[in-house]
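Okay, so chain A shows up in both of these, paired with chain B first and chain C after.
Up next is the complex of A and B:
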């Protein structure tokens, strides 16, 4: 039997923002549907309405012609709608099995059998009796999927499922989703990644600022056409010019190792590399292979031996981030709201945190507010941060604007080296483009970049040289034009 | 010096008796904290239970009404806490402290008329078997029903948390209220229930003090046991069985204190009173060295308010 899901004239209004503006859509099982849009386009709101987390102000939802009243997540479950959220809804300290049994009415033994048969069928292998916090992101997602499958859903909604997955995990996920679809489950796939839509889906609905802008078949679309629909303007494609090879070495890392006491951290083993002026070194890898430790060692959050890092002919391995900044290094950490900025503080206060001796933000221990505000305004206008209120708390900036602010804060002092870690993670196309342009520009100004990223496309686009980190070890450094994403994939998996 | 073996049995029994209110209040607070709520009002709820139990016993003459009345009083006062922290989303720590101050104050006010009134004798079970077995006799027999309940409670609590569906839901809510809510669990309801249960157990602990342990009403008679119960929960790393061990150690310190004074050993009383807290801090330092263990045993959302966005 074919499952038909119909969304009819759904509207959801938040103070100051129309999240869904009279959206109507129809889905039939047997196809995989993409719901595409930038961050804030309203696609998450729409699927939260479908899963009962949010109640719409107006509009109806029909499943096989039955009008559904979804007032809570359990209503959605009862009506065979399963949802895998972008942020996992798992209980980290409970075991996998406890996570699965919690919303099931079945007996322990029969549920265990059912889970085993699901895992066998789809080739999942997860230890059911270990706490969820020991699992990788890909495994956690599988637990979420199993949780849906236990209820044999008619509809399975996946909200940005690949944002935490590696390439390999992504292709495994796609295989599973295709299999589910063949078995008659209606799949709705929410994403802002165009490549995935082209790879996986049959039909695509594009949303922009709460409105549905188009519904079309994938075969009539390509990446450019979808990108333009999504952003609502013609995006210029940016390309990096071939860098002039400079031999002026800026930073040199020699025999750098780091051993952590925390079993959840990765040890770094014998890292050696150097970056010349005007060069971008990309460091690829599956997340959790030592990237965050490497970033911390490079930024000075973790202090190492003095001689292991030579920057601009100074040995700086034992300096803290503040002291390294004085030598004209700049840092953009992975977690924008935890590491790079303090969410509850105002924009200008966050700017002041990046304090230099030369910046005169403080005068005899007092805050020189005018100076900081002036400086913040310059960052906002120079780096296209979409707000004019520097008194706004940073948590209210969108991811893209916050990242622009952070990069701007780091770059406005024109550092010699910028070290960034997943700078475009979770951003929409427009913001990604802007960040990429900015990074290319600083290379052109003969400044250097170390780009640690899990996004292979980004690395291939921006880097002059690429290395892969696997279990805390760096591969040999390759010229970017000799590398393909397949080759990176193999190295990321640990092969030589 | 020959020590009578039954004398040792009596000392152990008295240690156990002093552990009873600690076990009751800690096991209640443990459930509350496992659901992610930090209720620092244990001392206040205990003293309310103590005065309510004693007052009801004096007024009605019924021990059963008094015991259940004390539990109900604990429930009522914890309802205030639940309403403030769960419905009005106030800060757990500030609200809990206020509850304790409120409880001590109001119990003193109600208790004015009950000072100096002698309590009633509380019936004990299996009294006749006391002398049948040396050493074990005084330990096992001749105690109140509340005593036996208290020593069963850690095991019941452990079974409840590990083996039952509702126990699993309580742990899930404490781990991640957001996920639980998205799973269709009514987080507020679960937390309300856990807070009220904690209140009932604190009330019972208080009633044990004023009706069984020292059957009389004295102002401020809980004397910091509520705080020790709170420390015990942390000491136990949220494990009910370890509460039993901790309560015996902490209860033992109180008893040893008396005996040492009797023998004439000079250790400042203040040091012995402070010992439970010092031990708790040492335990905290020891477990915090193992980040994995602390992650697994501490309820992740402890003390954090949960807002449901809609």
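Up next is the complex of A and C:
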């Protein structure tokens, strides 16, 4: 029997934004559907409506012609709609089996048999009796999928499932999804990654600013056409020119290790690398493999031995971030809202966070507000931050504008080295393009970049050399043109 | 139909309007309570809020009560603005009073211009020492400063009890739980003959000016603000975030300690059991009612001080228990928190379409 899911004229309005504007869509089992859109396009709201988390202001949902009233997630479950969220909803300290039975009222024994047969059928191998925290991200996702499959769902919704997976885990996931689809489960796949849509799906619905802009078959589309629909404008493709190879060494890290007292942090083991002027060194890896610690060691938030970091012929391992800035280093941390900027503070106050001596932001212990404001205005116009009010609290900037402000703030000293960590994480395509262009420009000015990122495409696009971090160890450094994303994927998974 | 709509930006006008609204609602609710209790609401409110400050003496009493509230609230504003929830100002006040009282007793029956400054300083240091306990435990051992600072209040009160009953009690005092009288040189001078208002008010005013300057105009204040919002950001900017946390606690403790000095070296001139009618706790309300802004805190301390006086007159003239004062203080905070909803949301009146 074919499952038919129909969304009819769904509207959801939040204060200040229309998340879903009269959206109508129809899905039939046997196909894999992509729901594509930038962050904030409204796709998450739509799937939350389908899974009962959010109640729409207007509109109806029909499953096989039955009008569904989804007032809670359990209503969705009862109506055979399963959902795997982007962030796992698992209890880390409970075993896999305990996590699976937690919301089920079936008998333990019969459930165990059922789970075993599901795992056999789809070739999943997970030890049911170890705690979830020992699983890899891919395995955790499988646990979430099994949790849905137990209820033999008619519809399975996957929300940005590959953001935490390696290349290999992603292709495994795609195989499973195709198998589910063949067995008659209707799959809705939410993503902003165009490549995945092309690889996996049969039909694609594109959303932009809460509205459905197109529904089409994949065979009639290509990456460029989808990107243009998603962004609503024609994007230039950015290409990096091959850097002139310079042998002028800017930073050199020697035998750097870091042992953390915090069991949730990753220890860094014997890190060695160097970056030349005008070069971009990309550091790839699955998140949680020591990137955050490496960033902090490089920025000076974690202090190391003086001789372990040599920058521009100075030993600076024991200096704090402010002192390192004086040597013309700049840093853009991963967490925009909790570290790189303070959302509750005004734009110009956030600019003052990058306080270097020659800025005169603070004079004899007093705040020099005029100087800071003057500087902030320059950053806003130079870096295309979409506001003209520097007294605005930065929480009112979009992610992209905030990131431009941060990068602008860091670059205003014209540093010799910019260290950035996931600089485009969660941004829309337009902002990503802008940041990428900026980073390329830095290299063209013979300045260097260390780019720590979990986005392989970004790394391949921007880096001259690439290394992979896995469990706190750095792989050997490779020339970017000799590397493929497959090869990176294997290294990211821990193989040699 | 009324619809609630989120504001694009918190309104600045509303930011200063809500405290006024909160006070108004408190009066309405207070009147209602009086009415239910069988009093004439307007008359009762008059006894509560107007009679107490109608004469010169009453006004001086108002300033006397507002002084410690203002001083403590200024100190607390440093903590609260940087997200450090020091609610143990009462303990810091008590400990500051103990230390300064101890020093004042050392100068028993001695006179000299140098004595008072030493006594004042001792009080500030006492408050700082006591505030440093939750600060250090928070920064180096990740304890919760709310719990630690609150529990230390009771510890300090018990220490005071022990001292005034035991080792420091007045040998000629017929076993009353109080110390000897301090010498005149150890007391804050009274400002007017016959009124109890004393020089402590200048300490409060100085605190207002200095705190405004430090917090809004100096690099130090900026660093405190950043560290309070996010230690991660402070670290990234190269500030010594932990030291900033300890510093705001020290400032807050010093202010509370000074308030303690004012209480014992003012009109009373000795240590005894009940040195503070919970000024340290009430000052939390003052700090928020004043929007954590120095000028706002001045006004808020005056408003809240009236509830202390009003409770006393109401008890005398209307036989209402003086704890009604605390009811009013509680209501002010309650309505303030509730009306802060208006900061982020507004009501939109939409005509019915049908």
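What we mean here is this: the second predicted complex is superposed on the first by the 447 of 496 C-alpha atoms of A that agree within 3 Å, B and C clash if a C-alpha of one lies under 4 Å from a C-alpha of the other, contacts with A are read in each partner's own complex, and residues count from 1 in each chain.
By definition in this document, a contact is a pair of C-beta atoms (placed from the backbone, for glycine too) under 8 Å apart; a residue touches a chain by one contact, two chains touch by 3 or more.
All figures in this text were calculated on a predicted structure; none of them were measured in a lab.
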Which superposed partner A:396 touches (first chain B, second chain C, both, neither): second
First, second, both or neither for A:437, with chain B first and chain C second: neither
Touched partner set for A:131, first chain B, second chain C, both or neither: first
Chain B versus chain C as contact partner of A:340, first or second or both or neither: second
Contacts of A:325 with chain B and chain C, given as first, second, both or neither: second
First (chain B), second (chain C), both or neither touched by A:365: second
Greater chain A contact set [chain C / chain B]: C
Sites on chain B touched by chain A in the complex: 165, 168-169, 171-172, 175-176, 178-185, 291-292, 295-297, 300, 310
Chain C-facing residues of chain A, complex: 14-16, 299-301, 320-323, 325, 331, 333, 335, 338-342, 344-345, 349, 352-355, 362, 365-367, 392-393, 396
For the chain C and chain A complex, residues of the former touching the latter: 5-6, 8-9, 216-222, 225-226, 229-230, 232-233, 235-239, 345
Chain B-facing residues of chain A, complex: 52-55, 72-74, 77, 85, 88-94, 98, 101-103, 131, 133, 262-264
